[in-house]
Amino acid sequence: MSKGRLEAFSDGVIAVIITIMVLELKVPRGANIADLLPVLPVLLTYVVSFVFIGIYWNNHHHMLHAVHSVNGSILWANLHLLFWLSLVPFVTAWAGQNYRAARPVALYGGVLLMCGVAYYFLERALIAHEGEDSALARALGRDVKGKASLGIYVIAILCSFINPWISIALYVLVGVMWFIPDPRIEKTLAE
Amino acid sequence: MSKGRLEAFSDGVIAVIITIMVLELKVPRGANIADLLPVLPVLLTYVVSFVFIGIYWNNHHHMLHAVHSVNGSILWANLHLLFWLSLVPFVTAWAGQNYRAARPVALYGGVLLMCGVAYYFLERALIAHEGEDSALARALGRDVKGKASLGIYVIAILCSFINPWISIALYVLVGVMWFIPDPRIEKTLAE
Amino acid sequence: MSKGRLEAFSDGVIAVIITIMVLELKVPRGANIADLLPVLPVLLTYVVSFVFIGIYWNNHHHMLHAVHSVNGSILWANLHLLFWLSLVPFVTAWAGQNYRAARPVALYGGVLLMCGVAYYFLERALIAHEGEDSALARALGRDVKGKASLGIYVIAILCSFINPWISIALYVLVGVMWFIPDPRIEKTLAE
Amino acid sequence: MSKGRLEAFSDGVIAVIITIMVLELKVPRGANIADLLPVLPVLLTYVVSFVFIGIYWNNHHHMLHAVHSVNGSILWANLHLLFWLSLVPFVTAWAGQNYRAARPVALYGGVLLMCGVAYYFLERALIAHEGEDSALARALGRDVKGKASLGIYVIAILCSFINPWISIALYVLVGVMWFIPDPRIEKTLAE
């Protein structure tokens, strides 16, 4: 089965997810800067979430680029990833309004963790289909960065009950780690 | 007429449908787990609807894959299917808020039933265009699973007036039945 | 310039327009059929608008199919059409809530009229680009149906101040007229 | 890396942005023309924003058309542009409700300025990738119009504190300047 529609559908869903988050920026009634202040934490959370969704799209783009065809399990692994990504707008809005409270910040990390787990499952489904000797499998290697991210998310979730700012710093750390698109795939494929 | 734009448009509509459902998860004001509890049934209904829309997308993907071209009737049969799918977010929200009430659970089943009927019409329009001897017609065969689903939906709608939980169990049953993408098409085409 | 991205962008915008209309179906609080009654006129207006947007997508699909390339004027004529189509959800919601009032029903017709006018401009821009002897120009001919629709819209807008039901009947009439995709293009291209 | 998915994803995001702005047109309860009056300034701001997003899409279309492949920096420069474009619906709604107040009109210009800056960064990333001798680099030249627009935005933001109408006139001026798609790229590529 060709990968074209999988890419098109994923692009569509990710495009909608990344854009509807902006609907959570509630337009203030007043016309002063003071009226914008309550929007500010939601805006900052939106920036973090936009970067995260952007990272997933970039990596999804790179990973699928190295794939030749797809099967039923890959379709479902991909939908599973899209499901967790689709919850990002909800937890963004909740954590954006309550960025000093443990539970919203922990839940935000929980959804990012599940996105990471779902991405890992998609990776495994693709490698199972392409073969352990494929360019994709060699490009991803032991995926240290992916596994480290999952570990940092778990620590961040636990830390949110001590101080939510530690968790927020850890989320930003993971974002920075992934900001540069995965050079392994580009390198391995170029060889 | 080529099928490319039909696939692209369907992907776009289904991507929006599957994503805007998440807007029905109303962000709670409080920051406690107790504040999330009213969201829980809507979230669970969202999971069921996400899986259903995902199943339709997967099967649509498979079915169109076996098709060579489209005509005017197919365009309309496809729009008819998209219409009923577009009502899923509405009934998801209503049933999610009233999951113990007969009528919302029955209406949820009614929309799923109409999606199934519309999918059947699309199947027939495609077979009429491709021919009764086409790979698609052989792949779909007598479509026992499709017809059984319609029967289960009717039973589930009737049962909702006895006990909505029976209906919910039957909806989940249909979902599980379809979870695996239709192997008939993959098999027949591989031959 | 190739027409691929114009088609993809139009598909995306039309897919969002046709789907966000469903957000105007406000989920009732109660779980009874009586609670659904206020939603009914909005639902029926949604059906009419869905069919209209579907007709535009079908005809857009057919017309662009007969086109080889696009230029700057065509991009703008297409954006102009998308602008008027994007107002359909707004007038659908207003007319759906006030289907017995003259002004909302007239404004609904006004937006449909502008969509028709914008579609006519797009037709002219395409014919100017393809040439008066092109397959497209021959397929569209004098476009009696397109011009008749514009006339009926004008009559319907005027009638809304006498009785909105006459206008609604005329909108449905235009919808029925266009329900079958334009066979002229299919025919002429087949020759 | 091929540019196909970058174009498809950008089309998807821009299609959603341009369409969800219409959700800010709040449907009035009453059925009279007087009830529509509060919607009018939001509608006019919507028209301006629609044209701006349309201009970006047209120019993006032209610019990417002249590009052969993309890399990681281009993906991020493009996401950066999409981020600022995604804030247009928010500032459109705020400025549309407060078009006589300095700060909303200034913020509107600030977001347009950042879109222009982001577009300039994307231009630089593309030229760095294609080469200073590429058709794209020659087509864009010194990009006087792009730089002039940034200057006009800065003046408009400052003027909003004197009189917001001056700013609005300057935004419309930039819109008119860009209304015609960039003929440089079409010309240079045609040579």
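For clarity, chains are labelled A, B, C and D in written order, and residue numbers in each chain start from 1.
Quick note on the criterion: a residue touches a chain if its C-beta (ideal position, glycine included) is under 8 Å from a C-beta of that chain, and two chains touch if they have at least 3 such contacts.
What you see is a predicted model, and the numbers here were worked out from it, not measured in a lab.
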Counting residue numbers used by both copies over all numbers at the interface, does the chain C-chain D contact come out same (over half shared) or different (under half)? different
Which angle of rotation, from 0 to 180°, maps the CA atoms of chain B onto the equivalent atoms of chain C, to the nearest 5? 90
Chain A and chain D: spacing of chain centres that average the CA atoms, whole Å: 26
From the mean C-alpha coordinate of chain A to that of chain C, what's the distance rounded to whole Å? 37
Among chain A residues, those touching two or more other chains are 8, 12, 15-16, 20, 23
Residue ranges of chain D in contact with chain A within the complex: 1-2, 5-6, 8-9, 12-13, 15-17, 20, 23-24, 72, 75-76, 79, 82-83, 86-87, 89-90, 93-94, 97-98, 101-104, 107
Residue set of chain A touching chain D in the complex reads 7-8, 11-12, 14-16, 18-20, 22-23, 25, 27-29, 31-33, 36, 47, 50, 54, 57-58, 61-62, 65, 179-181, 183, 186
